[in-house]
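The structure is given below, and queries will be raised subsequently.
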Amino acid sequence: MLKNSFILAILIAFSLIFVSLFISYEGNDELSNLGKYYAENGVQEVGAQNLVTSIVVTYRGIDTLGEVVILFLTAAIIGFFLKLSKKDSKNGKRVEKLREASEILKTGSQALVPLIFMFGMYIFINGHLTPGGGFQGGAVIATGFVLMMIANPVQKVKHGVLAFVESISGFSFVVIGILGIVLAGGFLDNHILKLGTFGEILSAGAIPIIYSFIGLKVGAELSGIVGSFNEIQAEK
Amino acid sequence: MISPIHIITIALGTAFALGFTGKLSQKISAFIMLAAVGMLTFISAQWVYAFYSGGQETIQIFTAGFKPPYSVNLQMGYQEAVISLMINFVGLLSGIYLFKTLVKQGKNAIAVYIILLMGLNVIVLTQDMFNLFVFLEVQSIATAGLIVLHKKKHAVSSGFKYMVATGIIAGLLLLGIIFAYYFTGSLNIQDFINANMTASKGGAIAVFLILGAILLELKPFPANGWALDVYQSAKPGLSAIISSASGTAVLFVLYKIAAIGSFDSYDLLANLGIITFVGSNLLGIKQKNAQRLLGYSSVGQIGLLVMIIGFGPVLGDKFQFIAFTIVVAHFLAKAGLFWLAGIVKKDNIKKWSALRKKPFLLVLFGTFVFTLIGFPPFPSFFGKWELIMVLAAKSNMIWVAAILLGSFFEGIYLFKWLGYVIKGEVSEKKTIKVPVHKIIPVAIVGILTYVVGFFSSTFVEGGDIINYLPLFFIAALFFVDFLPAFVKNIIAIAGMAYYGYTFLPELYEKDLLRFIFGTIFIGGGILTLIAGFYAKGKRQGFYPAALIMFAGLGGIIQAENMLQFFFAWELMTLGSYILIIRGKRSMPHGYSYMLFSVAGAYLMLIGFAMTNAQAGISLDALSMITSHANLIYLMLAIGFMTKTATVGLHIWLPGAHAEAESDVSPMVSAILLKAGVFGLIILFIAMGAESAGTNPILYILGWLGAITALVGNLAASFQEDAKKLLAYSSIGQLGYILFAFAIMTHLGWLTGITYSINHFLFKAVLFLAIGAVVLRVKTHKMYEMGGLIKRMPLAFIAVLIGIITLSGVPPLSGFAGKWLFYNAVILKGWYFQGAIVFFAGIIAFLYCFRLIYAVFLGQLKDEHRNVKEISIWFIIPIYILIIGIMIFSARPDLILQPIGDAIAGYFPSETLNWNDTTASTTLGYWSGYRVMIIIGIMFTILFAWLALFNRKSKKVKQFNIVYSGERPERPETTHVAHNMYAGYNKALGLLVAPFITQFWNYMSETVKGTAGFVRRVYTGNGQTYALHIIMYLVIIYLIVF
Amino acid sequence: MKYFSLEYISIITGFLLVVIGIWGILTQKNIIKMIIGFTIFDTGLHVIMVSIAYVRGKTAPILDDAVGIKDVADKIVDPVPQALVLTAIVIGLGVTANVSLCN
Amino acid sequence: MEYILIAIVLAIVMLIMAVMAIHNKKLEVAIIAAGVVSLFASVLYLLLAAPDVAMTEAAIGSGLSTVIFFYVLNKIRKNNA
Amino acid sequence: MSATMRKIGARVAGRYGIPFYQPWINIIKLYSLRDSITHGVMFYLGPIFRVSGGVGIFLFMPLIFASQHFSNFSFAGDLVLIMYFQFFGMLGMALGAGEGGHPHSAIGISRGLSQFTTIEVPMTLAVISIAIQYNTLSISEIVAAQQGGILHWTLFTNPFATVAAMLSLLGAFGHSPFNLVKAPNEIPIGPPTEYHSSFLGVLRTNAAILHVIEAVLFMNLFFGGAGNWFELIVKSFFIYFWSVFVGIVFPRFRIEQSVQWFLKIPLLLGVIAIIIFM
């Protein structure tokens, strides 16, 4: 208990930093310089309705690349871990027989999962127009995947397929980025395709393509991660 | 030119592509990865080249084709190129090193590895704060992943701690970034810098959070327990990357963003950096685990670099050089050491002696250790030199002291480790396996340390005239180390002779004092090397070390500026250290030798730095000091006195000299100690004759010299070990010399020089002779010898002449010193000191007699009935030296007269007058030549007389004696060499009680105790480490705001 | 009452979540709870970031028909921190997954 | 104004849930509570005019994270059992 | 002279003692002994060193003040030379005895050397004091400075130095109470153990020379020197007898006792002597 009070004291002292930060915060009545620039020029330059998307995919595309890389790393590390524990399980550890899911769940999921996948794809393809994009779509796909696993716990996750999707979309992402250097102004420039008509699906240059790849990749990665966790927990 | 953006594309392309290569074998994947990393290295190398060859300007890469701050931009400048090259280079080498591991772990690990490198590159290049954050996370997740892949239980838990710690740090960084954005409306680092955020309180806190987070990424002491666990438990190849590449990259980030703070934040960084440097190195002292030790050292070095960044504005245009050399030194050495750790595969540093079976690795290990500590010719030497010079110039002396203290702590454990490696017991018969792919990286960085060191010297003021010729020669000699010893000996002697030839004749005209010392160093070196012919086999490692020492000694003579002097001084220390620890039981002594030397050298360094700040870098500047002169002189004097083993600083000497090899003892005793004397001479010249009466330092030094003489000689007479006896005698003799020079009159100096020459001659003779005897009888203990005159008459004569010279009995040259001494002392008026020295001189008789009696006289031991005369290779140099003694004894005027003329420039009054061969002062007179003749004639007459009476005396066996009514049968019963001066010891032993040793022991125990106490903050618990991080920030916050 | 507005309430909530999260990290023995502390810490940060993006009385930065494409700057909240939060959330997931793995 | 009231309610629930997530003895409850914090946060994001963020938080923070937690919990339970 | 000493000693002890000519007879007898053995080269050289030392000091010492002839070879060196030359003989003696291989000789030497070192300290202080006083190290000049009446002797002008030196003289002569070195009872004649016949003869000769020379040295330094032969003999005889008297009165000291004793009173006196003239 003494230790906890000590920690509490430290934390209170630490909160002083936050208090000062909070006091200095006054809320905004107008946009910051950067925000203003994007608001005024985003449409002309990038051509996406959703400004957040144009920032995420184009202006700060390299951040997104890093983010995808982090998911990739996580998936790779967890996948590796899975491999290790599988090796262990070969040495005398058994995979516990899981309880079968109820029939309703099974049937329901069979109908639902493709729908969820479709919804996810819709989200990332329309990322430049409506809220949402690659990440959200990817996450939705992964949710569908989770549902699939719950419905059918015994079924093996096809890591090979996931990895393939993940790699190919990641690779394409990079290739498009390089095309940006070759054909347009810089790495991940979306001007390799025409900006098109504002507000349409096939507008905003390469954004829909890039976001699709991101969506696929994120979906595959998140599914892989969750799947791996599932397998890890299934082992004993 | 390939755009740096392709560092990202190639790395990521490879990583992603590995996923769909399908069934490609893991080996091929690893090769693809290596090729990719090679490509990265090539890209950064070509940029470095472009900048190096000039004409290339810093370029900005706009991603997505928009200008910053609207999109993320990368910047490629000279600095970025260099750092990125370093990262990729170590990545490539580590990739080769980890090749098999990576192949075994599979594609996932390979992909993570290359992404780690990519992340590091991006954080160096990027100019956008949030981008920096993202790739910092990439970097830390990749690192954690690779740690976890190690699949040790310990590794997993340390990975967890690492994630927790970096997670909190990243969160705080993000908080800082978003508020910085709130205040500036930008995410570009350049905009942050221009915005002057610290003006408002909120902005200042945002800056504080950003800088604090980056600082915490650098593992500042004491909030770094998590990092140490990582260093300890990660695979060595990975630790190498974390320490070298990640450390360097994040340091660069700190450097890049440091400007967002105000001037105060620089100050703060400097403070925190130095705390880390000192604290972390202090804790390293108690550490036993090799990788954790390296972790402490890494943290320490990075702390030093943080401090340097903090001093960036102060250091001005020197900053780049200093930071670069120290970074590179740390980078190369740490990578090399971690890799070595992976080859040795021993956790406990005591077990590293396994390395000894691989001399090549041993040399590399030594190289890295000396690089870390900052010995020449490695880059960190020049970096630290410049750093301290600049700091001193801006009178930041406390900082200088703290840096040196930290370096000293680092020296303590690194040398201890080196000691274990070189002298520890090799218990296992199994030799360590050295796969080729692991040794190549180590060798490459090892060689690079030399190359970079060489190039960095050309950038230092005064460094361009350092004489590298001997070093190249030594390097060449190192590569022919496989030759038999006598071939190498011939090469070495030839090299020495040539080296002497290159500068000594010239000095004879210009500077007689330097000439004399130069002759002692080089000539003496050649003579003692002749003795080296006795050695059989290859004698690996001996010649490079010996020649490094002599190169250093020569360098001291040649030095024109303080950098050269210090460079040579450290070189000499390094060489002599290696020489000393070659002895069988000399490790602890070598260790303390090194610590004293390093500490002394640091004091010298401070002195030099303060001088440089006032009067420039030339050695002559010492006489132009305007302020704090006495402090500087005192520090320099203490520095030199560590080499002359003045009382208080002497405890390393007896063991070091006594346990060294037979032909090494004369080198380190007769020759090496003179380096300290030479330093003192330079110092005293600088202080000037006019300070003789007024300067309290000289007065203190005089007393110290006298006490040293007394204590040294007294201790010598109580030794049982012949070589130890000689070693203590050296302490005493050096006490005389210090005393004589401290008198600071014409006569005093003549005394000092005479003593120096004499000590060189007779101590070389004695150590060579006794060393040769020891080689024959295989013991140092005097009471285990005896009666050897019958077996080794030549050695006996040599020792006899040696001790007559030593004790200053007329007619040999020792008396010249004593006579000058009396005159000098009485004229100076230092009567009591003089009396003490005189008393010490008489005590010299005790040990002189003991030496010759116990070794050569008395009854011959049974086991020595058949020993041979000492080796001819010892006899030759000994008798050459004896001829020298005879000449000097008969005609001291030949040498002393020109010297007198030479030093008359410094001390014009009360000179020694020469009338033919008779010297006279205002007090007395003496003619060595005549005394020699008179005694010679008398001796002959008496000999003839006695011979006349004793024609018929018959020779009898030794046991033909009677005592206590019995005839002795065993030699032991008649030899009383053990505890010979028992009564004397009872009366005066108090004076030599090991107070000083106890004092130093107490000191070292205190330091270790502190280290052990502070180390308790590292509980090994992830939560505690997280708490440390929070506390660290809180404390800094409370201090700053 | 200045603090009685959307952005202030949310930013205070954010800070409090951060503090609670750190408290959890520092005090909880159970590793899962530590990790939960972590996610709460992260969520708090995200809330703060989004609050900073907020401009009083403006709408989301999506230029649909309701907003139009003229004088956009006066109509929307700041898109930049939102983009950052997107990235941060995904990174947070990566970190959480990794931390969860390490036990 | 009604936004503010909603926000206050959201904030209070989030904080209570956060404390619960950390101090509740039952791990399942704790995990769910953490998920609720995320979920309410995403509603708050909507109020703050950030639909993109809200979607992401809902999908990732309250969805996937919670699933992962349950898996980890399962794993630990089994290991300890 | 040694006979005289023994005689007085015996008389005090109530015995008859030996006749005064006994030592001379001893020496002659030793020289003429035919049976002679040796232990090696150094056994020869030892006595030679010893005698060289003795004779050497004699040669370097001016005996009679202002006499051209009896200044001997004093032009070759000064007081320092003489002080150090004493060691030459010591060393030779020690070496020769060591060669003999007899343990007693080694014990004797170790004791002798120990004691000798401390004897020299007050002596040196006294000499330094004199050197300061007269500002010279040349014996002739020291003697010259003492001319002109008994009150000009160092004995009176520098009494502390004189006393210190006289005390150390006791040790230098090696008579009782500082004669453990020779230790007649435990070890037959100390370092000369093992020596006999002509070797011993040489040594005894030397011993006589040494005693005389020490006395002469003291005379020169402290008692105004000698203007002619008669003065020389009388003065040195009295100096010699000083030690004899003391020796008879005090019991013998152990080595550590004598070492400590010499480092107390005589040392203090020497220091005072220097302080006075500083």
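Chains here go by letter, A, B, C, D and E, matching the order in which they are written, and residues are numbered from 1 within each.
Assume contacts are C-beta pairs under 8 Å (C-beta built on N, C-alpha and C of every residue); 3 or more make two chains touch, one makes a residue touch a chain.
On a predicted model such as this, the values are computed, not experimentally measured, just so you know.
A.B. asks: What is the minimum number of touch steps required to go from chain B to chain D?
C.D. replies: Minimal hop count between chain B and chain D: 2.
A.B. asks: Going only through chains that touch each other, how many steps at minimum separate chain A from chain C?
C.D. replies: Shortest path length, in steps: 1.
A.B. asks: I need the common contact partners of chain A and chain B, sorted by label.
C.D. replies: Touching chain A and chain B alike, sorted by label: C.
A.B. asks: Which chain has its C-alpha centroid farthest away from the centroid of chain A?
C.D. replies: E
A.B. asks: Tell me which of C-D and A-D has more C-beta pairs in contact.
C.D. replies: Here the pair linked by more C-beta pairs in contact is C-D.
A.B. asks: Taking each chain's centre as the mean of its Cα atoms, which chain lies farthest from chain C?
C.D. replies: Looking at centroid distances, E is the chain farthest away.
A.B. asks: Using mean CA coordinates as chain centres, what's the gap between chain A and chain D in Å?
C.D. replies: Each chain reduced to its C-alpha mean, chain A and chain D end up 18 Å apart.
A.B. asks: Could you put a whole-Å number on the gap between the CA centroids of chain D and chain E?
C.D. replies: 105
A.B. asks: As a quick test, compute the distance in whole Å between the mean CA positions of chain B and chain E.
C.D. replies: The separation of the two C-alpha centroids amounts to 53 Å.
A.B. asks: Report the inter-centroid distance (CA atoms only) between chain B and chain C in whole Å.
C.D. replies: Chain centres of chain B and chain C, defined by C-alpha means, are spaced 54 Å apart.
A.B. asks: Mark out which residues of chain A touch at least two other chains, giving numbers and ranges.
C.D. replies: 7, 11, 14, 21, 25, 32, 34-35, 38, 50, 52, 60, 63, 66-67, 70, 73-74, 77, 81, 131, 133, 135, 222, 225, 229
A.B. asks: For chain C, give me the residues that contact two or more of the other chains.
C.D. replies: Residue numbers touching two or more other chains: 5, 7, 12, 18, 22-23, 26-27, 31, 52, 54, 60-62, 76-77, 80, 82, 84, 86-87, 89-91, 93-94, 97-98, 100-101, 103.
A.B. asks: Could you list the positions in chain B whose residues touch two or more of the other chains?
C.D. replies: 130, 134, 137, 141, 144-145, 148, 175, 179, 181-182, 187, 1027, 1030
A.B. asks: Could you run through all the chain pairs that touch each other?
C.D. replies: Touch list across chains, by label: A-B, A-C, A-D, B-C, B-E, C-D.
A.B. asks: Would you mind writing out the residues of chain A in touch with chain C in their complex?
C.D. replies: 4, 7-8, 11, 14-15, 18, 21-22, 25, 27-32, 34-36, 38-40, 42-43, 49-52, 55-56, 60, 63-64, 66-67, 70-71, 73-74, 77-78, 81, 129-131, 133, 135, 198, 218, 222, 225, 229
A.B. asks: For the complex, give me every residue of chain E touching chain B.
C.D. replies: Within the complex, chain E touches chain B at residues 31, 34, 36-42, 44, 47-48, 51-52, 55-56, 59-60, 73, 75-81, 84-85, 87-88, 90-91, 94-95, 98-104, 106-107, 109-111, 113-114, 116-117, 120-121, 124-125, 128-129, 131-132, 135-138, 194, 197-199, 201-202, 254-256, 259-260, 263, 270-271, 274, 278.
A.B. asks: Would you tell me which residues of chain D are touching chain C in their complex?
C.D. replies: 3-4, 7-8, 10-11, 14-15, 18-19, 21-22, 27, 30-31, 34, 37-38, 41, 44-45, 47-53, 56-57, 60-61, 64-65, 68-69, 72-73, 76
A.B. asks: What does chain B use to touch chain A in their complex?
C.D. replies: Residue positions touching the partner: 3, 5, 8-9, 12-13, 15-20, 61-66, 69-72, 105-106, 108-109, 111-112, 115, 118-119, 122, 128, 130-131, 134-135, 137-138, 141-142, 144-145, 148-149, 151, 175, 179, 181-183, 185-187, 200-203, 205-206, 208-209, 1027, 1030-1031, 1033-1034, 1037-1038, 1041.
A.B. asks: Contact residues on chain A for chain B in the complex?
C.D. replies: On the chain A side, the touching residues are 7, 10-11, 13-14, 16-17, 20-21, 23-25, 32-35, 37-38, 45, 58-63, 65-67, 69-70, 72-74, 76-77, 79-81, 83-84, 163-164, 166-168, 170-171, 173-175, 177-178, 180-181, 184-191.
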